[in-house]
Amino acid sequence: MSSNKPKLAIVYGSVCGGCDVSLVNVGEPLADLLTNYDVIYWSIALDGKLHTLEKLERIDVAIYMGPIRTELNMKLAKLIREKADLVVAYGTCAVYGGIPGLGALIKPSTLVETMKSTVTTTPGSEKVVKSMEKEGLKIPPLTNQCLPLSVVVEPDVLVPGCPPAVENVEKLIDILKKYLRGEKPVKGLMLAEPRSLCEECPRRPKDMSKLVIPNIYRLHEAVPKEDKCFLEQGILCLGPITRAGCGHRCIKANMPCAGCMGPVQRVDDVGLKFLSSLASALLADKEKELGEEGLAKLLDKIVDPQGLFYRYTLPTSYLTKLVLKRLRK
Amino acid sequence: MYEPKIIAFLCRWCASAAADLAGVSRLSYPANIIPIVVPCSGRVDPRAIIEAFLNGADGVLIGGCHTPNDCHYISGNFKAFKRIHILKKLLKQFGIEPERIRLEWISATEATKLVQVTKDFVETIRKLGPLAR
Amino acid sequence: MSRRTITIEPVTRIEGEVKVAIFLNERGEVERAYYQVVEFRGYEEFCKNRPVEDLPRITSTVCGVCSWAHHLASAKAVDALYGRKPTETAAKLREFGYQAHIIDSHLLHFVVLSLPDFALSDAPPELRNIAGLLRRNPELVKKFIESRKILRNIEETFGGKAIHPAFVLPGGVSKKLTRDDVDKLSKLCKDLLDITTYIYEYFIDRILKSKNFNELLYNEAYRLRTYYIGLVDNNNYLNFYDGFVRIIDSKGREVTKFEADKYTDYIAEHAEDWSYSKFPYLKSLGWRGFVEEYICRAGPLARLNVADDISTERAREAYKYMVETLGGKPIHNTIAYHWSRLIECIHASEKMIEFLNDDSILREDIVNTSGSPRYEGVGIVEAPRGLLVHHYQADENFIAREVNIITPTAINNAAINAELQKVASTLIKGFEVPEKILNLVETSIRAYDPCNACATHTLSLLSSRGGITVLIYDNEGRLIEKLHSKPPRLR
Amino acid sequence: MKERIGVFICHCGRNIAGTVDVEKVAEVISKHPQVVHCETYVYMCSEPGQKLIMDAIRNKGLTAVVVAACSTTIHYETFARVVEADGLNRYKLEIANIREQCSWIHINRKEATEKAIRIVLASIAKVSMDEPLYPIKAKVTRKCLVIGGGIAGITAALDIANSGIPVVLVEKSPTIGGKMAMLSETFPTLDCAQCILTPKMAEVARHPNVKILTCSEVISVEGYVGNFKVKILKHPRKVDPSKCRLCTLCERVCPVTVPREFDRGLSTRKAIYIPFPQAVPSAYVVDEEHCTKCGLCVKVCPTKAINLDEKEEIIEEEVGAIIVATGYDLYPGEKLREYGYGVYKDVIDSLQFERLLSSGGPTKGQILRPSDKKPVKRIVFIQCAGSRDDNHLKYCSKICCMYTAKHALLFKERVHDGEVTIFYIDIRAAGKGYEEFIKRVQEEFEVNYIRGKVSKVYRDKNGDMVVIGVDTLSGQKVTVRADLVVLALGIIPQLDRDLASMIKIPVDEYGFAQEVHPKLRPVECVTSGVFVCGAVQGPKDISETVTQASAAAAKVIELLTQEYITHEPTIAEVDKDLCSGCRICIAVCPYGAIEIVEGKAKINEVLCEGCGACVVACPSSAIKLRNYTDSQLINMVKAALTGV
């Protein structure tokens, strides 16, 4: 079954499957592309097995989805970088770590304890496995952290989005078509806008006067209006720091941006930057009136800054690096 | 004895002037404090604070002008206050002691306060131990 | 001859990373077979200390294939926690959008993941897939691709994003439906019903009558006489979004029927150290290992077994036909999961048209902001793959303190293992195992449409003893790689 | 370009070298890859020291200089001139302060030396990324806008005009003069208010450098210090002041009668009227709201001065500075229900009482009660009516104690056997001659001061006003009967919110204009080029108002006598390619220096003071602070920590 067509592999980290579905969702352009490539591995749709992949000396294009959470994920990530000419980090998890990245700093032992202590779990599970079978049944252990592909190897193309928007997947397909003709994209190409969601936000006001955050409301405290800037309603929205290019789908559903496209071009740490923006704009017109105490009270309404700022990017935060550095010492 | 390294971002108008006054008055304080003069406490970027930690600082002190009315730039001190407030909370979530960051209002005349604050802060950090253990 | 191990790695055309390990004895007979989930996610821990109202958006990413199920189960748990019953309009909007998702997931699974096993059973492995299907039956694939666009459009109308939607608030939804939306949806839903009917008829005319499908459908190895669990409404009719949890035994007798928040009285979970997925079981039966009689199954077939009837016309007819054909309820034939899926697709399509004719979906009261908080809430929905439970506890500031999620794939984990053992023992005789046979082993797994991202939202036991060795075998049982890894060192 | 940095380390005699091992510092610093020259000298600021620097710049082709010496505030200018003398840009110089912030505060030589090295390394990190910069220059329009034609506006306008700078004085009402024109006499000297004010009004009216626009409002302000563009809406006066001879014919034929504002409703006027005889401009005006356009006045006017079809007009002015002097208003008496203001005609406010006292007022200076025009014998004054009250105005209105005392005195002068009762909370008489004045009123004029709060005022069957209160000194309930009750209503700022936001004047919680610093910059607003004076900035009396008006004028003169404004170039700058126009920076900028132009933030170079608050706030990192960029700050931190 050897073919002259370039070889394409779609490989997983600890995926949720949403990226796969987003790829399938583009329909014809994908079908068209797949006829031009020899898809050697894509376990959701095809029957190629791991050993086939391992035996190959070279892959032309590899698309990696999901975060790296187990040693198997890690092995595959390194394997494709070694063998593939063009590596695509597909989806927020592969680019920034994604939501599973929220577990980046949780110790595996804690995870075990949590598992053991959920309300429905029976303590002291029986063993059905015979000891001699154990060796063959070893599961790949967890990596110490949950990492995006982009931290482990250097991808050629990055497609953020949880999952990537159809428009960006189509762009990727275009790139892969051009690749067939020998055109390789610039290294590190990010399929998203360099600027923030605010630029294309449908709620951008006509009167471009200052943006003051008047208060902080959680989603159970305020019903968002459908036509007004979320921040100006006191509802925390990551729009100002998040790359545009997602088609502002959440905003359309009247929900604030949670940042799945990752930070704008020049920002490398969402939390450290956005906390400044947020803090600055919060009651910027009432600072002296409220004083430190009054301001502190309002700021404390940001109950989970980590989860707010780093919902999709925790493994890439400098704070994560700092914690890991601290642990390594 | 463990000697912590501390970066002190001092606003040009108040805290740094207080440091100058401390010098003129020959008021001694620990050499652990390495001053970096900034235009305003509102210029201190949380990213720079974390950079200090990543490069070996065990504590970061930010000195600005008193609220509500002393800031040379009107409200830079409030900006610093709000940012540091969230930053500390964020650090806590990452398991890093928020006490490693200290924001203080020190007017140009308060050389003694500067001395007191720096001495106290060095002690606090000494008790916390090195950031990277 | 010595003992051998056969691994299928990864099991393909299912969602997530799974491995099958089959241990053969000296005579080449199957001694034990294991379905091993080797992917890890870890949600239950890192959802802690997050604001509970954010959990619907966070947990929707537990799984990208059934993100709507998680979004809504989470929403219901959050509603209960805040003590806010969603307004009638909000509940309808959620349920409306959810029908589209059921179809989305079912059709994707049927056409892309499973149909190649039946429609292309004679094809070589590299063509036993959607591409092969496109060659053999372009019309069907075209319809399928059309359905993707329609479904994406419908899902985006409600949820913003079709995958990982974001549109629920405690006690309601974030966005009203407009008259324009309804006009657009009318056309889409009508077209969708045509497509689901087409695919159903294709199945009845072409697949159901085919020899190889029939062989599997009635094959004793692919049949488990188990308990079933699923949601039913007040009339004991099929319902995906809301209702009571009903459990029946293998004879079809109702064992119990309970409301969501009582689930801990009935369901418990067992953990094994060789899988990142746990094994839920019925408390009344206790954990007895992979023994058919003590196992409970969830999913499309389970739903149709526990329900007395279906409310919509076409689906009801199709349902009756299946029950008659297979000799009455409960149906234990695992391959009938596929059939059930297509019946549900028709039901969901019909249900959407019903919603469109209900003017109350246009009302503006989409959020209920009052209610007395209970700080604990359970939300249960029928995910495409079966019963899904989200259970949260929060502090007085509505910060999550405990999170428990039980997924349908986990519920079916024991059944899959039991059936794997049965199928493998029946099919594998000797050390030479053709690829085709291994695919038949996988076919039994695919019937459940397991979703392993879901199943491994949390971690199973990790070996606490020293270094871990990962052995990788090829499908002939040869050890081809041995990986050593040190135990995690995070303190 | 690779930098060639020279580092010059000063011993400062023993001041630095006594604690810091300067040679060791030099040794370490010399190894820095960008440092091409490093030397130490006993006094770097001395002539020979300066020459060392100049020589090195010339001979070694230095592109940047670090002087490690004393505090920046001491010798920055000295060394800046040194590097400039040899053609280097002054912004390529950094001073590393190793004296005040190092040698003088440490004893341990090793520690001090190590720290000095860190400080110098941080300075090298900064200077290597400094850009050469040049001061920003902006032309100045030599004209000032004064908003408000009361005593504050008039004073400021005159001071500025007298210095030769043109002034546009904008007044909302048909005449200048403001509240002061309504007063009878002024405390504590009892000068006649009209007598001291009207000459000033006349002077400003005829001043060649002052253009007075009455019936006018500022409707838009754009631009920045030195270069404001202002639009003024001039409502039609409908009487040509140059033709009006004040013959009163028009007034006599006008069929419409309405209350007279100037007398606060205690008398009436016609729809065509003159606010008061000494009004400036000295001309009649048509009250557009009430005029029926019957045309009678037009017919009788002998000079054809009346044009009822006159339209409003928009006047555009370019000015370099703006003074806001819009004054105050009385707190609405209706809000104090328990005092019966607005219910009983014989409960009046302090300005109404001024009109009763005024010889030009409705009663020609006789004290007659409004309800039945009977002479008043018994009178009650209620101080702090609205002021110092948590339910109304929290602050003290400052002037009420004094004018109430004045009222009591003037009343007693006119009605010798009159009975005066004053309810007060405290007497605040801090001011030159003030305390003496109060004493005089209390003692010479036998005014009954009751310390206490009035709880109720009502009219009894006999038509007497009854005032019920508590004497807080004795704890007794007090009932006083009176013919007239005068409320010393608190004062509130008269500052339209739109106007405030247009000019970008911040206001305090009560709506008073906020100065930059209450002590050191009391007349400046944060918006550069905008100044405030008078009661719009806070309650104050006439003498303070005039003082502040002159202060504001002096600041304006200081600004507008320069041809150019020069401005520090170390300001913020936007990278348009990265800006998304999220509007956060606008909220952060304390100087209103940022606006969105074509979807992108734009920084006004003259207004920006370079604080850097926006740089940190910008979520796109699209703003940089020149010579204090993010990378400079981070590199300084790294350098300081890397150390030896």
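The letters A, B, C and D name the chains in turn, as written, and every chain counts its residues from 1.
Just so it is clear, a contact is a pair of C-beta atoms (placed from the backbone, for glycine too) under 8 Å apart; a residue touches a chain by one contact, two chains touch by 3 or more.
Worth saying up front: this structure is predicted, and the values here are computed from it rather than measured.
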item	value
Central chain (distance from its CA mean to the mean of all protein CA atoms)	A
Comparison of B-D and A-B by number of C-beta pairs in contact, larger one	B-D
Approximate Å spacing (C-alpha centroids) for the pair chain B, chain C	55
Between chain D and chain B, distance of the C-alpha-averaged centres to the nearest whole Å	34
Inter-centroid spacing, chain B versus chain A (mean Cα positions, whole Å)	35
Mean-CA-position distance for chain C and chain A (Å)	24
Per-residue multi-chain contacts in chain C, two or more chains	49
Residues of chain D touching at least two other chains	588, 613, 616-617
Two or more partner chains touched - positions in chain B	45-47, 51, 69, 75, 79, 83, 93
Pairs of chains satisfying the touch condition	A-B, A-C, A-D, B-D
Interfacial residue positions of chain B with respect to chain D in the complex	5, 7, 12, 16-17, 19-24, 26-29, 31, 34-40, 42-48, 51-52, 55-57, 69, 72-76, 79, 83
Residues of chain A defined as touching chain D within the complex	194-199, 204, 208-212, 239-241, 244, 264-267, 273-274, 276-277, 280-281, 284-285, 289
Touching residues (chain side chain B, partner chain A) in the complex	45-47, 50-51, 53-54, 67-69, 75, 78-79, 81-83, 85-87, 89-91, 93-96, 131-133
Touching residues (chain side chain D, partner chain B) in the complex	71-73, 97, 99-102, 104-108, 111-112, 114-115, 118-119, 122, 516-518, 526, 570, 588, 590-591, 609-613, 615-617, 625, 628, 630, 633-634, 636-638, 640-642
Touch list for chain D against partner chain A, complex	508-509, 577-584, 586-588, 595-596, 599, 613, 616-622
